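Once you scroll down, you'll see the structures, which are given as structure tokens.
In what comes next, chain A is part of two complexes: it sits with chain B in the first one and with chain C in the second one.
Up next, the complex of A and B:
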């Protein structure tokens, strides 16, 4: 890692330095973890490992669990019909009981996608180290936390020790200048970054997003940006905390109250990157020049502005890269050199840890209000948490969605990962607000176009890939 | 963990960049609460047709692939999710190493914890290997060398601590727990900002 001059440090280095427990010669640093989020899919084998070794959970007070991935989004009064999924959810609850961990289970008012409920409950706080057996843990970086995904072995390490062996990542500044035009959103910032640097462009790095266009984003928009850091290969992505952060956090369940709050805010104000601090890498994006983005291929780096044409493999010089692009277009059944605009769509999915928060639902509802879903298009709206669902219902958003002809469902990951029965049929096309368009990600043989909630809502109305700017009032 | 020893093997070539974890093992197989039985689900959607029958043209279904212990893949192998089911499926199928020009961070970390060696080679070596897909290569972690079909040995990088753990069969958690006094001291000096049980 580049050493910044005169002890000027980035926020990434400050958080790292604050959490190094020990540094044995010849070994990675032992890093303390402030918040460990767990869910049903990547934790059972870790709890089983603890049992086999006769270990306890060292810090249940820093651990929280919820069920979100394999859970149905049908009414909670109905049982989980998939017996394997039901057993996994039951196992999570058994493990949490046995090891003394608070679990926001399916019938809890705090249940939801793990990366939605952490911030919602005030668990995610600036300066923290946050981990979860889930690659989208970078979401929590929106609060100025160093948050990253880990595998199940590491879930076991954190459960047992509250620590991880880690090597320091490189620092990568993503400077976003200018301001977004109408119809262009946080999702379009991150999709354009990934399209520019590629899905391996951030490998070995932690992003710090900064600049005026980032400062202008709400907390929920910042979460959308940080969420997809992993889709550029980055270990994590974060945004220094500011007044927007503190206003969002104030009063939430797990944040400090009274004098402790004031002291915490004072501490958090020292986190932002020092003037003169150096990054290992850096890139500048002009937000003013961005259009709504959409992906055409089978990874999140295969993205284009909504008015652009699908690229032609013939124009790619590297043979493996050319073959991979051709393979993606075959899977997507798309012709090179043609625009995506006007391409028919079967399903619109509005949800996922990327775009299922109240402002995302408000954006989609704004477009759908007084309009109808195009005949033949299935539109699923899946709130990120039970609390988001309640809030949306209090605002009447559920009625707007239902009146338009969309499905209003219970909270969970749903068709982002298609583990719960919410899935595309082979050959179907979706416009999806989620984060991955890998082959089969939304159901075997399904084809995904990733986009913002606004672009997704536009497709719901027209039944085709559409430019939302033509539908905005 | 068993000690990682040197071995020779044929390669299974998959000349595709950015092979993601959803291809390595599709998400619908992650509902298991066990680590076992995942080898049959490796590359499931590329390997089997809609009726669950092996696709004869997919490399893992060819007789040449059966005994191979090395997967030769395109750039940025293992991108996507944090699922450790990916290295579990690869090792249960019989792979001991994957060769590529780069690996996704979480996949690389997960692999090293499961005695699956991610070997990064330069682009020219990568191209040479793909040009000789039926060849046998030798992997020696102790010397960090990959011996190519022509007998040329190329060095590959590996984190020194991970190498030590693999060669000695050391489990990382044991190493972490030896540092419990330091963890306790850290906790005493740093009051937790939250209490999830409150």
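Up next, the complex of A and C:
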């Protein structure tokens, strides 16, 4: 695409412009997709659609599949017992064979949560458009990619054409100043942003996270931030690539090597937002003022600093908001105006595409080392991928978790979405490092407090919602 | 991880070998930091003595609650003339039926130290490593009509029957196991003569399409019986229907040098919690003739612990540690009388101690 050189552009606009294949006035643009990630749950109907229409996959070389959503995280020496899950995983493998797609199936040592393995394998690269039939595709935005979730019918479109009809989103700058205090993490940045602007705050927008606090984050922390962009309503969220990005990527399996790598990095260095570029919206957050965050309600916007009190619907003026808060507190069975600290917890879940990478597990292990899980609390640690699992075992983290009394499981989405049998019982409370606290998300009648791996590990030790800063050495 | 294991020692040498298996399991739990929760239950003759039935309801409840069940052996001569429902063996069949275990896995491997114990030439047996997967709940042992009746002269009838889903699930088990091994499945049938085998072969071929990385071949059961002796190393995972498996797995036992070496795993899916059911037991019986003398070979029971660690708990490293310890003790020559020890035979408990300390 040609673009007038005098116009300063954001990274979001640059990636967009680079991918528009056709654009007619008044109609959505046709966007080329560089990487299409698929999994066993949102792809079967799409492949069936291709079959019925006698179509091929347009670019099998740009399409990757893995099994994560309905995949059991129990031992894999025996076949999958659940018939639906077994059929889904088998169908994925069959579809991938038939259409010539690389598949990291259950017996692959590259298997894992789709948003963990993309970056891990070096498939996700700066400047790309990345789609997946999954809400949390924005995770890949951490690499300076325009990455967003699509529905199953769109999965079929992309399989058939490698293109997608899209309306251009507005640009939204999220400037995070200052630096994080001990015990406060990337998860707390994103939870506080969502709490501040609400679950509709980013609607119609793509976030660009920037500022010194974002630059200071590792790639895995950046993925945690971008991962939950959709929970603020945004189409996507991204972070411009920098040396942290290139250091993380260098040498990974699917990244260019040698001279091609140097050329790619040179190209990627032109991606960051130009000086003087304008955003449609912006917000500034002071990282230094953040506390560990936790959600109390039934959407990710219902979050508070760990030491704060649960809000009182009586103090909310908007009647719709008041009703929704009251309804949430009824579901959660929480009293308004009371602190969440000290609230008993039944289950702690450490995992999901938000927080299941090696640094997340190291954080949790740092707190659990030499300590014991509180009696009566079930703690599940579910690594995001087979490779994360191997790495954690090489570092002895599995032993720390087991010694503490936590379950160390196989890779998958697990209790984040509770499709694989890992779930809460009705009325149970979890502190979960995942991304959604909707009613029944982690099992019918289950109640979810979203938090960071550090805060989750703190709850594992005390058996209650706790301030991790009091447990840090 | 937490290992909730039900122990059903049973009768005769069952109690002795199970005691050694538990010793080994405890050592593994200790060494690899697993939390072992053992419960014990009654099965077989001892259950008849204490409760009047070979399979008390409490045992069933405990088996359903446990992650895995380790059994010894059942059978006492005093019940030889008892009515069928009052015989210890009824407990064994009963628990298999209640738990719906449809796949019987028999790992068969040769050990360097025992090559001379096999009646076959060392060169044939050395390096044998296979799993025989026998369908356990269908086929001629369960089919109806069955019985003996009078119609002019005496008639007897049995029915060999299989459904597609019965064949599918056991073949998926075989292919899955092969995927984690040498990626070869040999399906054994008699499809040149009988219809159940024709359906068997058709369904196995269809299931194989789900596992393109695993090679499949077919043998007729008569030829298979021969190949097991002529060229046992050709087998990786052998899958077959109930009666053929019953016969072929005994043939396989000879390859290992002694039936006392053989472990088994019976896997099923009839558990309310939605987890796999695993019953683990040595292949041998209760051997009343040597019971109480501390001379039974505990390797079959110990091997069953290794199978349990691998299949029910996915603990491959731990399972490998048990198998290595078994191999080390075999090489030391400190084994029970049935394995032709180099000097004075070791007792059952000495073998158990040696394996535990080698882990």
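Methods note: the second predicted complex is superposed on the first by the 465 of 473 C-alpha atoms of A that agree within 3 Å, B and C clash if a C-alpha of one lies under 4 Å from a C-alpha of the other, contacts with A are read in each partner's own complex, and residues count from 1 in each chain.
In this text, contacts are C-beta pairs under 8 Å (C-beta built on N, C-alpha and C of every residue); 3 or more make two chains touch, one makes a residue touch a chain.
Being a predicted model, the structure only gives us computed values, none of them experimental.
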Practice problem: Scan A:163 for contacts with chain B and chain C and give back first, second, both or neither. | Solution: first
Self-check item: First, second, both or neither for A:251, with chain B first and chain C second
Solution: neither
Quiz item: Looking at the overlay, what does A:399 touch: chain B (first), chain C (second), both, or neither?
Solution: second
Quiz prompt | Of chain C and chain B, partner touching more chain A residues | solution = B
Exercise. Could you say whether A:276 touches chain B, chain C, both of them, or neither, answering first, second, both or neither?
Key: neither
Quiz item: Of the partners chain B and chain C, which touch A:441 in the superposed model: first, second, both, neither?
Solution: first
Practice problem: Using the superposition on chain A described above, determine whether A:324 touches chain B (first), chain C (second), both, or neither. | Solution: first
Exercise. Mind working out whether A:82 is in touch with chain B, chain C, both or neither, as first, second, both or neither?
Key: both
Quiz item: Just which bits of chain A does chain B share with chain C as contact spots?
Solution: 82
Quiz item: Where on chain A does chain C make contact in their complex?
Solution: 74-79, 81-82, 86, 90, 93-94, 97, 107, 399, 402-403, 405, 407-408, 410, 421
Quiz item: What residues of chain A sit close enough to touch chain B in their complex?
Solution: 21-22, 24, 26-28, 30, 32, 34-35, 41-42, 44-45, 48-49, 53, 58-64, 69-70, 82, 84-85, 87-88, 91, 100-102, 123, 125, 128, 133-135, 149-154, 156-157, 160-163, 165, 167, 169, 199-200, 203-204, 230, 233, 235, 254, 256, 264, 299, 301, 320-321, 323-324, 327, 417-419, 426, 436, 438-441, 444
Practice problem: Provide the residue numbers of chain C that touch chain A in the complex, in ascending order. | Solution: 1-2, 33-35, 172-173, 176, 179-180, 209-210, 212-213, 267, 269, 274-276, 310-316
Quiz prompt | chain A partner contacts - residues on chain B that touch it in the complex | solution = 15-18, 20, 22-23, 26-28, 30-35, 45, 50, 74-76, 79-84, 102-106, 109-110, 113-114, 159-161, 164, 172-173, 175-177, 179-180, 182-183, 186-187, 190, 192-198
